[in-house]
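Two complexes, one shared chain (chain A), two partners (chain B, chain C).
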Partner chain A sequence: MTPDSLGWWGIPLAILGGLLRGSVPFLFVSLGECLTEKSGKINLGLEGSLLLGAVTGYALSFHSGSPWVGVLGAGGAGLGLGAIHAWLVQQRRVNDISVGIAMMIFGGGLANYLGKPYIQPIAPQLPALHWGDWSDLPAVQSALRVSPLLLIGIAIAVSLQWFFKATRWGLIVRAVGESPTAAKAMGFSVARTQTACIMVGAGMAGIAGAYLSLYFPGSWNENISSGQGLLAVALVIFARWNPIQCLWAALLFGGTQGLGPALQSVGIEGYYYVFNAMPYLLTLVIMVATCSPVRSSVGAPASLGQPRPDA
Partner chain B sequence: MSSHPRLPLSRRHMIRGLLAASAFGATSQLWTGCSSKPTSEAEATDSSAASSDAPLVIGMLYVGPKDDYGWNQAHAEGAAGIMKLPGIKVVEEANVPETTAAAETMRSMIVQDGATVLFPTSFGYFDPYILELAKEFPEVQFLHCGTLFEEGKHPNNVGSYFGFIDEAYYVAGIVAAHASKTGQMGFVMAKPIPRIVRTLNSWMLGARSVNPAATTQLIVTGAWSDPVKEAEAVNSMADQGIDVITCNVDNAKVVMETAEKRGIYCSGNGVNQSAVAPKGYLTGAEWDWTGVYTSYATMIQEGKTLMNGGIPHLYLGGLSDNFVKLSPYGEPVSEAAKAEAEQAKAGLMDGSLVVYKGEIKDNTGATVIPAGTEYKPGNPELEKMDWLVEGVNGTITS
Partner chain C sequence: MRMLRSSHLRWRSRLESLCIPVGALLVALLLFGGLCALEGYNPLSVYGAIYQAAFGSRFAWQNTLLRAAPLMLSALCTVLPARLGLIVIGNEGALVLGGLLAAITGIQLAAAPTSLGLLAMALAGVIAGGLWIMVIGALRHFRGVNETISSLLMNYLAIAFLSHMVEGPWRDPSSLNQPSTFLIPDALRLGNLPPSRVHYGLLYGLAACAIAHLLIQRTTFGFAVRTVGGNRRAARMVGLATGKLTLAICFLAGSCAGLAGMVEVAAVHGRANGALHANYGYSSILVAFVAKQNSLTVILVAILLGGILASGSLLQRALEMPDATVMVLQGLIFLVILYSESLYGQIPWFREPRPSDDPSPAVHPPVLASATVTPPSPSGDLHR
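What follows is the complex of A and B.
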């Protein structure tokens, strides 16, 4: 062992680094989905928004030279896809789930098509905050390199919680999600509220995509998301539609991503497929543990996923 | 209940809209990478070696995008190399899945474009799609990238070609061991199948020829392409003091980029990735299909075929046959390393250096190749490799 080597200390450090690096996409997508679902709509198409955001962010960063322009553009691309989804699901008797699947395939296909010329070029990357510079160990310095987007994400999680709990608009969103008829009777536009929530949610997924292509792993290719957008949708269910719990869940999922490679690097080689399956296993366990015979899911908005009735 | 929708669309409208949206998404895979049109018209120079006036039509199939910065790109570059040759027309299609879609693509290339030679470049096209079509079109030659052809078992108009890229990994291992200060290196592997395990073992044997105490840490991601896991693998190896990393995954860009960010050296895979890691890129094991496709095109234009025995059914080669090559040495490579690498390369090319020469032990201490035995590159024993050579930290037993 050389002095640079951390040995077993590498595992907690890898988990810490993994959760600081890998949790941001989960966080943004799950917060976006949380907002969408609170308004009573489901958007399974966030994986599509994520991919389109990833390629838009990468392309804009490459052409403009500024990664932050890329992040904004990625958010805009997400908003655009969200607008299509929102318009479709506002039609009578249209099922959210099937529109979401269509949007997922559409977004992914469009991203791959537009992304062809950007596989090889190298775009400017988002800067990082160096919180580990007090340490002499390069491993610690690297693990504690934090993206500003993580801090923004945490701020969004906290303010979203406050938004739902304590603001008038938050209450409107919740009312629409719990009982659209009651909200309508109170004079709020169900369609407008849901459209806004879906668009903002998809915009956040787009920003998550920009994080993937512009920070970690920091490259565009067609497999960049490896299903994180879909996983993040499931994550909302086990975060019980609570933004703060979405944050913990995202950190947990980010941490488990680094676990498999870290264990292999210190010599626990077998079972890598099991380690790699950990996040999915975790999702299943929590889904089983929280299912209830009485309600489909505890904490779910009452009108979740119900198509607009015939007027 | 008096609120009427602002957009009174009928259910039929919506279904139509939805179908259109899904169809667009579903077919996007097809039309994005598809360029079934002839990409290069043959220049009508009949004075060349082309014996007949009709151009030779060659069909290329790729499993992924043509510009994936890895496997498919290497083949597409090879195809681009023969498009320039007189009397040759190339038709290509990218993103062809290893399903009946492959058979349909090949059929349309043969029937509509008049292709008489096909290069389906992905492993999974062989059985059953190539085998079935080969029976249906006995006059068309199917040349599959791999080593799957077996004499007597498979149709006579089917052939296999493959390169010993592990020879290039051996040389890259020498360069890596020179560059490594800690003597610890890392290898990110997609899937532990013999062909890929062999690249790791050759890398390790090359490194140990320089530094017998060197080690290579193996991390298996379990997928041909999983950028997040590949980046995490590089990060955790860098945390362990590993200072040179190579890989064998579909697209090595993320591995190279992450290594560069961590300030350690890297060695490429598939195509030249030095642009991604200008500071730390040592060298890399690259495919060189242009040479292979050019030789095939020349042989076919000379009237040789698989059926008349003019073209061997198994066409294999390494550094000496221009199947594989090394990326130009990067800036951190020392003169001593270059000299030793060039010497090994020359030895591999003239056959005086054999990588798999006993006695070789695996990483559990068992002898896998006894003293006095040597396996030359084409040896079938090497196709069954399921052991990791001494010095590799890791296991591949499932």
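What follows is the complex of A and C.
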């Protein structure tokens, strides 16, 4: 049976497949950005961490033969870029948004610079869980092929929610994000907390990159990211700084991204680029609908984007 | 007494605002050399190649200036809103739309006389780019949408629109490798400055930077803009129409980037296609930041960065380096320049010895200098 014989049923099925495949990078970057922003800093440069993670993961998987080593290495690359970002934003008069733009250029450039030799070779890929094997339809089988990273991401989302709600460290992070002066008065180091959050956040973006190069689409090239890292900030606003809602947001965006290819598979081709731009348009519409010029967004850390109190 | 002290302070702080960026550039070059050495390239020959390709000959200079022209125009798209306290990075989107609309206008006006046709193309680019960025300003003012994020998203929308148009409705069927619009008529191609192959776009760029400088520094409008940039709430309290100022400055900013798109179409490509968003979007943001959002400094930095961009192909051909090498250098310059911001007032030699009534060390540069040279650092208040 070919996918064509499914007729219009192919569309929801392809969207489901796109959702399960495409949402993982969104999930990781949005959870990373969520953690970063909870501590009161914005990282606009996750795209750079994601790209560097993608190439590091691919290269390490190629050399070591184990894709999981690649995933770890990608996380490490993200941590490294995050450390630079964190150090820079702790300096006086340095604005985190500008650093984010710079990190985006630097990380992307470094990824392409180091990744040149890895465009040709083929690295071992991450395994998949075949949840669709009960069906005879290849379309169903391919739609229900799930990466273990999706499960790990969901686990991280749940535990991050618990971390913020119920742990001492989560409370410290939230305190630093809400009122750095108060946190400082209580004896917590604002700089150290923010540095840890920024680094872990960027590390998760690195893992998102490894997912791209080691699972789907599963190769390294210069256009591997379709802007997942750029959308992280917007996703977190959409998710109201709540890890569980980050999960729903990521699924929604993964589904939107699956829409273009899904329609193409049933022969609607003319608006390929328009459909590909849907996540961006959706984000913009959501931001217009939910932002307000007069009040803070619900759930936003109070000190987010404010200059350092002692600067 | 105060006047005396502030004028006395000036030469040291001026030297500081020259030495710190230049020093930062040198440090970035050193780091870049280290990175090249790590990958097995000889840093000295890399430096040499960059210099040769950027400023080494008359030919190189022309290459550099060709790239500097759109950079100047496009950088103003970040510079002007920054004076108002907004970080707009929608340069690429406005450039792409300006180029597309200019190309469509040019194709439609095939029969028009050259001057009229060029004027119409320029107007199309200016209006398209201007309205595009004005949307960002309007979203910011009326809905509180963070302008950095919305401009980033709108870049992607503009590029998707361009791709859609050149693959579909406006596609020239003969453009196989790179889908493009039809060519604009030869009569509407922008000419070169007589003894060179540098096109008139360079003059547009220089003029736009000069006009922007006069507008910001010498007019009531510019004063109002700088006041809002200094303190938005105070500006509103003294009755400045922040909304109108935001919309106006965003329109001007976008129109410069749109004009850059028109110049690229009319002088370089002759048609609109994906090459429009090849290089200049992010590089021009870098130009704006390195120039510390000063319209005149933009000219200098654009030439410098134009040179770096021009050296990309030689690095690829002669030294077999990846084409992303230039992007790494840009990223490094950007990072080091941002770090160097924190050094102002920290280096003892540049600090004026204070009278004894002020025991605290001079942490901030003189207020006067920071008001005229650097724009206020806009806070990315996502949640407002």
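The rule we apply is simple: the second predicted complex is superposed on the first by the 296 of 311 C-alpha atoms of A that agree within 3 Å, B and C clash if a C-alpha of one lies under 4 Å from a C-alpha of the other, contacts with A are read in each partner's own complex, and residues count from 1 in each chain.
Note that a contact is a pair of C-beta atoms (placed from the backbone, for glycine too) under 8 Å apart; a residue touches a chain by one contact, two chains touch by 3 or more.
Note that the structure is a prediction, hence the values are computed from the model and not measured.
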Record, for the superposition on chain A, whether partners chain B and chain C clash or fit.
clash
Which holds for A:Tyr280: it touches chain B only (first), chain C only (second), both, or neither?
second
Quick check for you: in the superposed arrangement, does A:Arg92 touch first (chain B), second (chain C), both or neither?
both
Tell me which partner A:Gly65 touches in the superposition: chain B (first), chain C (second), both or neither.
neither
Quick one: is A:Pro12 in contact with chain B, with chain C, with both, or with neither? Answer first, second, both or neither.
neither
Check whether A:Gly109 is in contact with chain B, with chain C, with both or with neither, and answer first, second, both or neither.
both
Applying the touch criterion given at the start, work out whether A:Pro127 contacts chain B, chain C, both or neither, answering first, second, both or neither.
neither
State whether A:Gly267 touches chain B only (first), chain C only (second), both chains, or neither.
first
Once the structures are superposed on A, label A:Ala300 by its partner contacts, choosing first (chain B), second (chain C), both or neither.
second
By the touch definition above, which chain A residues appear in both interfaces, chain B in one complex and chain C in the other?
84, 88, 91-94, 98-99, 101-110, 112-113, 116, 222, 270, 272-273, 276
Which bits of chain A are touching chain C when the two form their complex?
37, 42, 44, 48, 84, 88, 91-99, 101-114, 116, 222, 227, 230-231, 233-234, 237, 270-274, 276-277, 280-281, 283-284, 287-288, 291-294, 296-297, 300-301, 304-307
Touch list for chain A against partner chain B, complex:
1-2, 4-7, 10, 13-14, 17-18, 21-22, 84, 88, 91-94, 98-99, 101-110, 112-113, 116-117, 119-120, 122, 138-139, 142-143, 184, 212, 216-219, 221-224, 226, 228, 257-258, 260-262, 264-267, 269-270, 272-273, 276, 311
Parts of chain B lying in touch with chain A, wherever the complex brings them together:
1, 3-5, 7, 9, 11, 14, 17-18, 21-22, 24-29, 31-33, 64-65, 67-69, 182, 184, 186, 217-223, 225-233, 235-242, 251, 253-254, 257-258, 261-263, 275-276, 393-395, 397
Within their complex, state which residues of chain C touch chain A.
39, 87, 89, 139, 141-146, 148-150, 152-154, 156-157, 160-161, 163-164, 167-168, 282, 285-286, 289, 322-332, 334-335, 338-339, 341-342, 344, 346, 377-384
